[in-house]
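Report on the structure given below.
Chain IDs A, B, C, D and E follow the sequence of writing; residue 1 opens each chain.
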Amino acid sequence: MARFLNKTTKQQGLPPGTLIFSGEQKMEQPLIRVMDFNLDKCSEREVDNVEEIAEYEDTATITWVNIDGVHEVDIVEKAGQFFKLSALLLEDVVNTGQRPKIIEYEDFTFIVLKMLRFDEKSGKIIAEQLSLVISKKFLLTFQEQRGDVFEPIRERIRSGRKRIRSFGPDFLAYCLLDVVCENYIHIIEVLGEQIEDLEEELLDDPKKELPHQINRFKQEINYLRKCIRPVREVIARIPKTENATIKKHSFEYWRDLQELAVHANEAIDSYRDVLADHLNLYHTTMSTKMNDIMKVLTIFAAIFIPLTFIAGIYGTNFEVLPELHYRYSYFIMLGFMALVAVGMLIYFRKQKWF
Amino acid sequence: MARFLNKTTKQQGLPPGTLIFSGEQKMEQPLIRVMDFNLDKCSEREVDNVEEIAEYEDTATITWVNIDGVHEVDIVEKAGQFFKLSALLLEDVVNTGQRPKIIEYEDFTFIVLKMLRFDEKSGKIIAEQLSLVISKKFLLTFQEQRGDVFEPIRERIRSGRKRIRSFGPDFLAYCLLDVVCENYIHIIEVLGEQIEDLEEELLDDPKKELPHQINRFKQEINYLRKCIRPVREVIARIPKTENATIKKHSFEYWRDLQELAVHANEAIDSYRDVLADHLNLYHTTMSTKMNDIMKVLTIFAAIFIPLTFIAGIYGTNFEVLPELHYRYSYFIMLGFMALVAVGMLIYFRKQKWF
Amino acid sequence: MARFLNKTTKQQGLPPGTLIFSGEQKMEQPLIRVMDFNLDKCSEREVDNVEEIAEYEDTATITWVNIDGVHEVDIVEKAGQFFKLSALLLEDVVNTGQRPKIIEYEDFTFIVLKMLRFDEKSGKIIAEQLSLVISKKFLLTFQEQRGDVFEPIRERIRSGRKRIRSFGPDFLAYCLLDVVCENYIHIIEVLGEQIEDLEEELLDDPKKELPHQINRFKQEINYLRKCIRPVREVIARIPKTENATIKKHSFEYWRDLQELAVHANEAIDSYRDVLADHLNLYHTTMSTKMNDIMKVLTIFAAIFIPLTFIAGIYGTNFEVLPELHYRYSYFIMLGFMALVAVGMLIYFRKQKWF
Amino acid sequence: MARFLNKTTKQQGLPPGTLIFSGEQKMEQPLIRVMDFNLDKCSEREVDNVEEIAEYEDTATITWVNIDGVHEVDIVEKAGQFFKLSALLLEDVVNTGQRPKIIEYEDFTFIVLKMLRFDEKSGKIIAEQLSLVISKKFLLTFQEQRGDVFEPIRERIRSGRKRIRSFGPDFLAYCLLDVVCENYIHIIEVLGEQIEDLEEELLDDPKKELPHQINRFKQEINYLRKCIRPVREVIARIPKTENATIKKHSFEYWRDLQELAVHANEAIDSYRDVLADHLNLYHTTMSTKMNDIMKVLTIFAAIFIPLTFIAGIYGTNFEVLPELHYRYSYFIMLGFMALVAVGMLIYFRKQKWF
Amino acid sequence: MARFLNKTTKQQGLPPGTLIFSGEQKMEQPLIRVMDFNLDKCSEREVDNVEEIAEYEDTATITWVNIDGVHEVDIVEKAGQFFKLSALLLEDVVNTGQRPKIIEYEDFTFIVLKMLRFDEKSGKIIAEQLSLVISKKFLLTFQEQRGDVFEPIRERIRSGRKRIRSFGPDFLAYCLLDVVCENYIHIIEVLGEQIEDLEEELLDDPKKELPHQINRFKQEINYLRKCIRPVREVIARIPKTENATIKKHSFEYWRDLQELAVHANEAIDSYRDVLADHLNLYHTTMSTKMNDIMKVLTIFAAIFIPLTFIAGIYGTNFEVLPELHYRYSYFIMLGFMALVAVGMLIYFRKQKWF
């Protein structure tokens, strides 16, 4: 599959807003979890049907509905009808190759971005699309699969932290996005350490595989960049939305989050530069090594080729070859050869060739 | 023909608005198809003459007039007179090397862009200029040849989809542009997969032709970029037009379409980077391979050249060459040679040369 | 002469507005041509003295005064006095190394740019500075030499085309600039074809001169870029002028012209990229070829060097060299040599060295 | 540790504003120093507890509270309560990996940046985070460790300079930032001289370690860039704050400071360019040297290989080899060899190979 | 000294506005020259003391005070007191490493930039800081040393040119800056010609020193760029100042001057590109030459190595070596060798290796 594009399994020319799941199905049974809380109380349950959450509608509590598994378009569609979401929005939810974006509607703010996790076991980055619908009283989140990075947030809600219990769905959304961005930073950190470790290898004994390894890191970094870069603008636009879903008092938090995203982007750019430098250094090291080898060849060849030639002359079988018959010829030849060799060594040394 | 410019067959200095077809004629007989529909009914016919569509003028229906073949300037001119289009606009229609653009007139919006299709049979990209004139009641489209990607749209009209039947020419235009952009994505996807497939070849056994192949992909990508990049701005400007042809309620759709165009552009840029990386990797691989070969030469030469020299010395025919007459001379020489060879091998090994 | 700067023959520190012709004189006798026309009539004459055009001043006709040859500063100065042009403007006219620019005055708009022509005979680009002064009733143009690309425009005026006869000096200026820009496109096209033709040579049999040739094309393209890039902004600013010389009804034309300039600039940038790719491809091709040659050397040397060494051993004249006396020694040696050679060939083949 | 990111020791998902020190603890016991002064008097003391500074609160004096050591979060927290600072601000203070930034609050302006010092002894750059809270009457500064570059400022306060004693906390903050920026310039200067010194080494006798050295300089420069680049915008935004903490009369000073930051950034960019040029020059020098060596090999080999071949022919033991028996054969052979050698030397010379 | 930074001899942490000369003292005794003129009269004198110019204060004349030598801070300070200049401004005057800038004060406009002169004798560029203080009636200029490029301006004043005598200090300042910018152009021209001359050398016979030479030109160009680039913005901001020192009627002149600065910057950028191309071309040329040399080696070696091997075989001393005894063996061997050699030459030729 082309890496920088999501496979458009959607048949071309379908009416806009047609819900067809595009992506890889990552879990079996979708799961709907509801947390309903205010300063005083907090209830938590799993429901089978979106309609069941109607009971929370007219209360003064904050309700967080989290749906794991967007491949079951029926559930997404029902949620859409329940929350009166537009068809295009739902299409974005089920089409898991979205570019991070924010769309402001009259009654809610829609945010979609990539949630990245580093799986310590496999050493791989797990990417998953996270969609948030922030309304005045509800927060609706869609994930592709069960298992997420939000457990600490749930714990904070359960343990009755004042701010998260009372500040509304926008603050809850901020908390989720904060964890998502912290994971970005964490992943860049892990990759970054691996990249910086390459430098020692470069200085010691660069292997042939290094360029391929560097290239693979580059692709990882480019993938991260593709996921994270647009997030900066998305977050920057959150406090500028004009509907009433994002409250003024949380502006300081959003600005802080934006700083985090800027930080992540700068780190990514720095590592791109480092990788380019690594590759350059690899080439320099390899060519220096090659030059060393070539110098040895040159010196050996340049010294022995003329000597061998001299020996060759006295190996000829001419009847008349006067030198052959002098007594000290052989020793004179050896001496001359030594002289030539030493002379050339001195010359090469003077030229700083070795 | 220069690839990045359309041949200006138009004679220089002609008055602006002179209609002269510039491009390659791609079909024989132009074809005018009319679809007239509203929520209740839908009629479809081919007409020989643009004037025949006058009958649809005063009805409350939406009329889509599609003209295949712009090389017949007469027909274009008649259509222009009928719809009261300006001469410069018509010149843009028949000059098939236009940069994608949007021009806002008082009564209609004019959009011109490239329609790209991937021909599965030949594996080639087919490019064709598509011009749209959106008025309040008509949608007029010009194509260069018969056969297009709009059949699913026609099917949706025929099958009586509510939105497309009732939302007006601007929504119809959106649907057409949506299909065009989906085709952009599809083509980038196909090219992208081919480009990513090169990587394996790079790792396995890069052939000499690879750089030329990469170059050809680069030209394809550059051509795509030239076609698609301006489309983003064109689409971004559609909802900002101030005449009444683009209705407010469709703004969400246009924004969605713009996301698609941004997505396409980002993917193109990513693949440009990937191609550059591929070329670098190719060079690295080739130079690594060359270095390996050179090392073998060096080691062989550096070892055997001195040995051959020694043999050469004892091949000389000096009358007085004492070593020749000792009994074990030959074996001592062989032993010494083995020593030299092994010593050098150890030295080279220590230098990590092989 | 420095190519990217015009020789400032002007003595430094002179008062601003001092008229001193700077450049190369390209013709002998300046020529003043006047076309005076409205919808009904059109007269055309050559005058010796700018003052003679005073007679056209109070008529309701459009008057185009074209002066070939700006090296005769007297004439320029007189024209300046007649039309009440500022001293700095006149300095720009006679100093033929101006950057393209537009200056808006109260009563007229001043535009200066490079007029490029491709001389089919010599295959060279001829550059010449064109200055336009657009007032409400006059169009005053200065060229460096006789012969221009405006003949078709004159023909259109003579043949009584309605628009050009009635739309005013700004439309006439637009027509002239349109021809100038069409010539830009034409030149880029010619250069572009030559550049694209290089690719075949690159694939077939790249010659040593190719890099120099590519460099020369690059300089040409850079020169074009220097001339044409600012023109885009100049044209973009024309319809934004606030004096009354540019009429509103012609805005569509200027926008069309701007598209042409944008097009030219994009084509130039594309060809710069193509040239860079060509140079890369040349280097790749050359190094691939060199590698092929080096491989042959390596294989020959690596195979024959050890064999020659073996022969050398048996060429020694040791008294005691037992192998020499066995009957099949020679044949065994030949066989062993063949074995070594074949073994090495197989090894090299396995390594995919040839 | 990844160099371009600060280790987020903070556990993910903690509530925003949780104070956990992240960084390396650089001193043992935090130190709180208070300077309280106006035009007439100046008192200076160390306090153990932030609350003790309450006595300065209602006086008309300017109070500078400097806290060395932010790893003791208790003290930071208390200071935060005393000055009524927001939790997020305090989090920024203790998290020592902040990007330089400025945040405007209602009653104070918060600035955080890196303070760099060049340690003359170790030749190393010491980086430390400096946070400033500017209110109308207080200036609160946090540093990571004891020892700073502010002693001259303290001396100016003690010695009763008029401006610093009377202009308020914003002018004091300006003085501190001025010293910080002057240190930036100083460090760039020191690095810059070292970088420029490399050039001579490049011309004389470039060593193999040079690329690694250049790479290390590049990393230093990149680190400086990361620290200093955002400072420019931070300083530019100071005079644009709208709360009353930055007084109008000091605008000229801030602009001057901004010039300094711009200057530092330009110098950094220049040195990045210089390093890139150095690396290029190193490669050029090395390849020129290698070429020289290869030429010697080529000339030796090309001359002696054919000569050795000739000698080889007459070293064969054919029974019938007529030349061997002519009297002058040997001398003719020697003469012929000399001819070949000289001929080749002349040819190579003509080709300008040596 | 670090080239891209001025040595901050100023002790760090000094109060802002402390006047300490930083730079290299370039003359001995400062010189104060006063020109006082209006349309009718013009007086010119040297004064020892700034206070002496008080007499010109209340007259209606234009007074130009030029101070050569800013290392004598006393004089600068006195001038500052006399003209009521701010301390920071004076600091900028004596600190000769300023980035070009413009600062607008209530009663005067302050401009500082680099004045570059090409010393024809030494072939070196002489740089000097020029500070201008433009008030309504005075123009105050500071230079680092005696000798400047303003003599033609003085001559124009003396000779009674109308505009310069009557237009005020802003016009006088424009005249000075015009000369300064013309000198920029002149220097770029001289450098540019030298750079373009390198091309011929590149084509003919590139020497080893060329890359170093190119590097030196690059540094010169970078230095020019650093000096000239900010001047463009400085000049662009002059007519936008809001105090009354820059009169409206001179706007056309400033715009003309800005064009000159833009021109200079574009030329600098062009030459940077040319230098990069030169370096590339040098590398291409060198590697082409090296390839040629290597080819000769390869062809010689590949041909003679097998031949020598054959000769070696028949040089062995085996007792049983049948070929040695056939009558035509020797000639057959020679023939075979010729065949091999010719065969290989044909093969190499076919491969287009020479």
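Here is the rule we go by: a contact is a pair of C-beta atoms (placed from the backbone, for glycine too) under 8 Å apart; a residue touches a chain by one contact, two chains touch by 3 or more.
Just so it is clear, the model here is predicted, and its values are computed rather than measured.
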Item to check | Both-way neighbours, i.e. chains that touch subunit E and touch subunit A | outcome: D
Checklist entry - What whole-Å value do you get for the distance between subunit A and subunit D if each is reduced to the mean of its CA atoms? => result 26
Checklist entry - If you average the CA atoms of subunit B and of subunit D, how far apart do the two points sit, in angstrom? => result 43
Checklist entry - Residues of subunit C touching 2+ other chains? => result 294, 297, 301, 305, 308, 312, 315-317, 321
Item to check | Chain-level touch network, classified as line, ring, star, complete or other | outcome: ring
Checklist entry - So if I start at subunit B and go to subunit C next, what's the full loop of chains? => result B, C, E, D, A
Checklist entry - Given the complex with subunit E, which residues does subunit D contribute to the contact? => result 149-153, 155-156, 161, 163-164, 174-175, 178-179, 182-183, 185-186, 188-189, 192-193, 196, 203, 252-253, 255-256, 259, 262-263, 266-267, 270-271, 273-274, 277, 280-281, 284-285, 287-288, 291, 294-295, 297-298, 301-302, 305-306, 308-309, 312-313, 315-322, 351-353
Checklist outcome for this item: Counting only contacts in the complex, subunit C reaches subunit E at residues 1-5, 7-8, 11-16, 86, 88, 99, 101, 103, 205, 208, 211-212, 215, 218, 222, 226, 279, 282-283, 286, 289-290, 292-294, 296-297, 300-301, 304-305, 307-308, 311-312, 314-317, 321, 323-330, 333-334
